[in-house]
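So that you can tell them apart, the chains are marked A, B, C and D in the order they are listed, and the count of residues begins at 1 in each.
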Amino acid sequence: MTDVNPPAVEMLHITKRFSGGVVAVEDVSIGVAQGEIHAVIGENGAGKSTLMGVLSGLIPADSGEIRLSGAPVSNPGPASAVRHGIGMVYQHFMLIPVFTVAENIVLGREPAAGLRFDRRAAEEQVRALSDRYGLKVDPAARVETLSVGQEQRVEILKVLHCGADILILDEPTAVLTPQETKDLFSVLLQLKSQGKTILFISHKLNEVLAIADTITVLRHGKVVETMPAKGAMKESLARMMVGRDLESGAPDPRHPVGAVASASAEVLLELERIEVLRDNGLPALRGVSLQVRSGEILGLAGVEGNGQTELLEVAAGLREKVGGEIRLHDGVSGRDVSRTSISERHRLGLSHIPEDRHRRGLVLDFSVVENAILGRHRDEAFCGPWGIRSSADIEAATLAERFEVHANDLADRVRGLSGGNQQKLVVGRELARRPRVLLAAQPTRGVDLAAVAIIHRALREARSTGAAILLVSSDLSELLALSDRIAVMYEGSVVATLDPAKTTEEELGLYMAGGGRSSAIPS
Amino acid sequence: MLMKRLLVATAAAIALWSWWDYRAGAADSSGLTGPRRRIAVVLSVGGLGDKSFNDSAYEGLLRAVRELGIEEAHGEPADIAEPAEFLDVYAEEGYDLIIGVGFLMKDAVEKAARSHPDRKFALIDAPIDPREYPNCASLLFSEHEGSFLVGALAAMASKSGRVGFVGGMDIPLIHKFKVGYAEGARHVNPECEVLVRYAGAGPDAFHDPVKGKAMAETLFSQGVDVIYHASGSTGNGVIQAAAEHGKLAIGVDANQNYMKPGHVLTSMLKRVDVAVCETIRAVCEERFQGRVCVFGLKEGGIGYAMDEHNRALVTSPMQERVEALKAKILAGEIRVTDYLEVQRGK
Amino acid sequence: MLKKLDELSVSAWALLAAGVVVSLVILAIGENPIAVGRALIDGAFGGPRRVANTLQYAIPLTLSGLAVALAFRGGLFNIGVEGQLYVGAFAAAIVASPVASRTAGEGLATACGPLAILAAILAGVTAGAFWAGIAGALKSLRGVNEVIATIMLNWIALFLVGYLVNLPSFKATGDIPQTAEIAAGGRLPGLFPLSGDGAVMAGSGLLLALTTLLAVVWLFGRSVLGYEIRAVGHNPSAAEAAGIPVRGRLLQTMLLSGAIAGLVGADQVLGVHHRFIANFSPGFGYLGIAIALLGRNHPVGIVIAAFLFAALKGGALQMDALTNVPREMITVLQAVLLLFVAAAAGVRARMGARET
Amino acid sequence: MNEFSLLPALVPATIQAATPLLFAALGGLISERAGIVNLALEGMMLAGAFAGACAAILLHDAVPGHPAAAAAGAVMAALVAGALVALLHAAACITFRADQVVSGIALNMLVLGLTVFFSQSIFHMKGGTPQLEEVTLGRLSLGASMALSPLCFVAAAVLPVAGFLLFSTPFGLRLRACGEHPRAAATVGIPVARIRYLAVLASGLLAGLGGLYLVFDVGSFSKEMTSGRGYIALAAIIFGRWRPGLTLAGCLLFGLAQSLQLQLQGRVEVPVAFLQMLPYGVTLVVLAGAIGRSTPPAALGKTG
């Protein structure tokens, strides 16, 4: 490449601080050449999404400059970004559920016949576009009826319809099956061959190495290095992302520590032929049956949207089911808790680490103390005739110490804590119940590695004390490291139950994509 | 930054308003000398601008300012607790006479008269026992007599033989208007039908012109061609409706003939202004006493309005006939039912 | 603690700004803002009767501010305090008047009085809670937006009590749509004299307000129910996951808020008017919204805001009686104040929002 | 009691009662479809009414003999006044991200106070104006018994225009996108704030006309003359599930209830109060989903 052509995208000395002085990105400069796939990688919270938000105009930078083909962008903002041919596919899709596919795609540049919005022309345009790039969708369908994979296609079509030459994709594979990921990559390569410039955010090194031409590593809001993908090593990239060698103290996933449940151990949680409907009335779970035994971690693998979330919510009592039974065993006989309230399930020994700590796990405007007893606030230990006792303060302090929750003051709102500290607080609180059954959904999502280690240690400890743990994670290596058995879900059914010692990420991926129906080990 | 801009913009808007200020020179014509009596009027809820009851009382107060050189103050209560507070404020500020306008104020005036025995009070439209409250005068009107006369005119002017009445609230005081009106109409035309509507159940009923108009239109649609209203500013809507539909309205309290000339047959004059001004005069001349004063046809406190605005509507035969009826009432040959008296008699 | 002060300082700044705006308006109509201000203060605090009036007016304002704030804390916007207090007032009046009038003058009255008062207060509170409970039930069972539901219920309440008070069985004789006067034994007694001769008394409604205030402080300071209500208010999903019955708490929040609103009505009937009178409220329920917002939903802030509004009201009357400045200036002041507080809160929320 | 049938009078009365509601409701509909809750409709109407009356009277005084010009001035003034209140609401809600419900309530208070304030300083009348005298908009006859204000026809014409604008034009698609998912709209370059400002402004213009209708109906302005019609318009929108046609039905229902209770007075023994309550009760029932589910725009009322 010669220096005659300026890079398609240049971001120079970009700095963005959020309120409270949190620095998201600091003095970041990157350049992206015309027609390349440029991956931006980093841990959660490294500033990838913020940086791309600045480029797409949605987040105003505090300082710095953006140049496109050498020309500075004078008036950044979403509209100007669109004008300059920048299109972004967001991690959380920016689609309007009640609009049709065509309406979503042409929004902002609608074909018109006179004053009238020309719906037929819009659908025609979408059809042509989807044919050209092999992204099949029904233009007249309402977006709320689509699957996640289809929604992503709509998002990409939307960006293409805007005439974008520069595409930004924020963690596009997080919600896709391996097969869908493969399809996506072929679309991206096709786009590249047509001269489009692609920025690709990820933290999955395999994917990045497979598709990218250039890689920029971000850590703590700063650029660590930009390098060609060819010749880059997975291990060195990982080291750059986290800033040190991957935790050497981590136990070998093939030899989990702690008591491994024998097949004879007591079944504590039993789900039988659970059937659940999605919010849109389509089936989410089609007769799922599972058993979790004391001293066992049952991992639940699957691409997001295949029913894992619903399964845990049903078990936790947060979602209605249309069929099947949930039994919590207390040593003597199984009790069907289908109609039992959440607080009663808590009393029966059930704990739940919700998948989204902001939505389900914490009250962000409550203090650390108040969050530390959330769900246990009616326990006699914390609650007297005159209300909540000061023992709550002591409990919060204990939790904070045991789980290394770093807070300036336990009376501060948890909104101000980092994601890792928030998550440690949730995990600590749920484990402090000494649950017989623990439902753990994405327990380490979006937290720093130190916090991951603490949370993993805590889960193993709970297992060793005889808890039955049902673990959902989209991180396959986490599942392989922690689980005693792994059940794979696909389209609302368990399609395989595997022994982690005898399987690989590739095999899991195959099942997750619906690639076979068998049971490797009996459950 | 934006806040600052907003403030600047607001200031500019206000400056614009003040430049556009339409206010005429202050109405203060205080050229008189000598120790001045201080008189306060506490108006009825709804306040000034009703073109009838309150405005009439205020007119009396202003006339006293002009003729007697008193110093005036007036309060316009916004809710039912405030009349009492206004009375207290004026009593404490040393006003010589404080006049409460409207029957709603009865309790408040009695209470104020009790706690300020050294002040004089007057109440319009409801009787207060002078034996119990010697510092309190009540100013009552023989509305039934005036209503009888306009009722007679209504029946004479009506072509359909069907006349209407719009009252503010469905209460005895308003019934007094209605009964007199109906008697007058039937006296002229025994076949005459009187359709009656009330605006509402709360004090709001006396200042809802939108509703007044809708009610009048309803009555017109039912064949009525003359409507008499006793409903404060609600009646403004009645008069408006009459003008729009080419029908007739009859005003109340003040002379409302001017409001839609050619469409206001006449107005039942209830000279609240006369009562107010005369009471003030009594105070100025040191002859005020706590008693119940009735202002009727005889006293000139009640009448019907004739002026250039309705000259064309009331023909001279009609006027002659009404004058004859008036003479008969004065002579005692016709006794118009006083609904309130009937009530009290029960 | 510092944060709390910081939040109240927003209100203080807004008050200052609103004062500036209104002063400009007063200047615009050619009056002297300083003289107006003096009249305001004199009207609010000049003499025992005025202090008593200010106090008496602060009671319903504090209570309705608390009612709105309680709902706010639970994540609900109760615009229906006005309707709830009317229903509560009417219930209190019909319970109080027969008991009190039958026993009036008899020896029994002194014995029955306190009981009658208690029963009437209870009736008012229950009726207010019931009326709010309709909106609460619609919210918790059908997800109906409580803002709209309470607005509708306000209208229905006004028509309903307007109809009931005119029924022959309730209406007192005379022209005014009001119930019979409650005999002395059934009224809230005076609490302590404010003037030397004892002619002006502070009403014992003050005691009701104080009790309610302390109850609300306890509710949100320590109680488990308050903890749960706040959890639902901040994050219903998390509250649900924590085993808190969200729907029940929503309903209870509305019931409690309506109960306080009903207390406003009962206090007005038993302590001030001594009967139910149609349209007696000068918009206490709506002012409560402004007071809750101005006081940042904090009990102490609410008391301060309520006294501010009460003083403004007393002062406005004085000003209206004796100067050329119409009292609606106070409405303007309150509106501008509310607007500034809301805007300032919005700006702070935006600055405080972490975008990721 | 008499032989006159209800219907001939009821139809025009219902239309007249529904017209101011329809103006405000259509305005509110546009604003809410763009995601801004509009409790300020009441204040916008009142401001329009007051400004219209002022303009009519002052212009007529300044240039006597040209009532038509004064009437035109009144229309302009009502539009401007409604728009000014709308601008304040938009600034508070969009620029300052104030709570939309609070802003609406505050503005209603503000307008109420200011109308009294200025009527006092302009006309020396507290909360009222003198009669408009000969300044009118006239009436358009429809058949023998129906003569309606031209504003009724304007309202009837605005309805399909608003419907077309919202549901058949690119602008409408964008506007609804702002009400459903403003961030999504922003990412494709739609100027969300500007569109929301325009939507709120439109609501101010229409509500201002609704207020003006009342003034020309009774021939003068009086304090609080809108008496809650802004809130009723809001109820009509909800009743109409945020759709223009059904919103019209809602306005007609409220109009019918209002005129019916006047017509039936003295004819039947149904207490008037219950007729008055009826539409509010029906709205509650509609809200409760008893007559189909009512789904507001997804981002309605969300600040930020």
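Just so we're on the same page, contacts are C-beta pairs under 8 Å (C-beta built on N, C-alpha and C of every residue); 3 or more make two chains touch, one makes a residue touch a chain.
This structure is a prediction, so every number in the text was calculated from the model and none was measured.
Chemist: Determine which two chains are connected by the greatest number of contacting C-beta pairs.
Modeler: Answer by contact count: the chains C-D.
Chemist: Averaged over CA atoms, how far is the centre of chain B from the centre of chain C? Could you give it in whole Å?
Modeler: Centres of chain B and chain C (C-alpha means) sit 34 Å apart.
Chemist: Which integer distance in Å separates the CA centroid of chain C from that of chain D?
Modeler: Each chain reduced to its C-alpha mean, chain C and chain D end up 29 Å apart.
Chemist: With chain centres taken as the means of their Cα atoms, state the distance from chain A to chain B in Å.
Modeler: Once rounded, the distance between the two centres reads 74 Å.
Chemist: Could you grab the centroid distance between chain A and chain D? Build each centroid from C-alpha atoms only and quote it in angstrom.
Modeler: 47
Chemist: Which chain D residues sit where two or more other chains touch them?
Modeler: 96, 121, 126-127, 273, in rising order.
Chemist: Give the residues of chain C that touch two or more other chains, as numbers and ranges in rising order.
Modeler: 25, 29, 162-163, 343, 353
Chemist: Applying that definition of touch, give me each pair of chains that meets it.
Modeler: Chains touch in the following pairs: A-C, A-D, B-C, B-D, C-D.
Chemist: For the complex, which residues does chain C have touching chain B?
Modeler: So the residues of chain C touching chain B come out as 17, 20-21, 24-25, 27-30, 43, 47, 49, 53, 162-163, 165-166, 174-177, 199, 272-273, 277-282, 314, 317-318, 320-322, 327, 343.
Chemist: What part of chain B is in contact with chain C in the complex they form?
Modeler: Those residues of chain B that touch chain C are 3, 7, 10-11, 14-15, 17-18, 21, 23, 40, 73, 75-76, 78-82, 85-86, 88-90, 92-93, 103-104, 115, 126, 169-173, 200-204.
Chemist: Considering only the defined contacts, which chain A positions touch chain C in the complex?
Modeler: 18-20, 22, 24, 49-50, 53, 59, 316, 318, 341-346, 352, 354, 359-366, 370, 374-375, 377-378, 383, 386-388, 415
Chemist: In their shared complex, at which residues does chain D touch chain C?
Modeler: Interface residues on chain D, with respect to chain C: 88, 92, 96-99, 101-103, 105-110, 112-114, 116-117, 120-121, 126-127, 228, 231, 234-235, 238, 271-274, 276-277, 280-281, 283-284, 287-289, 296, 303-304.
Chemist: Which residues, counting only chain C, touch chain D once they are in their complex?
Modeler: These residues of chain C touch chain D: 25, 29, 77, 79, 138, 142, 144-145, 147-149, 151-153, 155-156, 159-160, 162-163, 286, 289-290, 293, 326, 328-332, 334-336, 338-339, 342-347, 349-350, 353.
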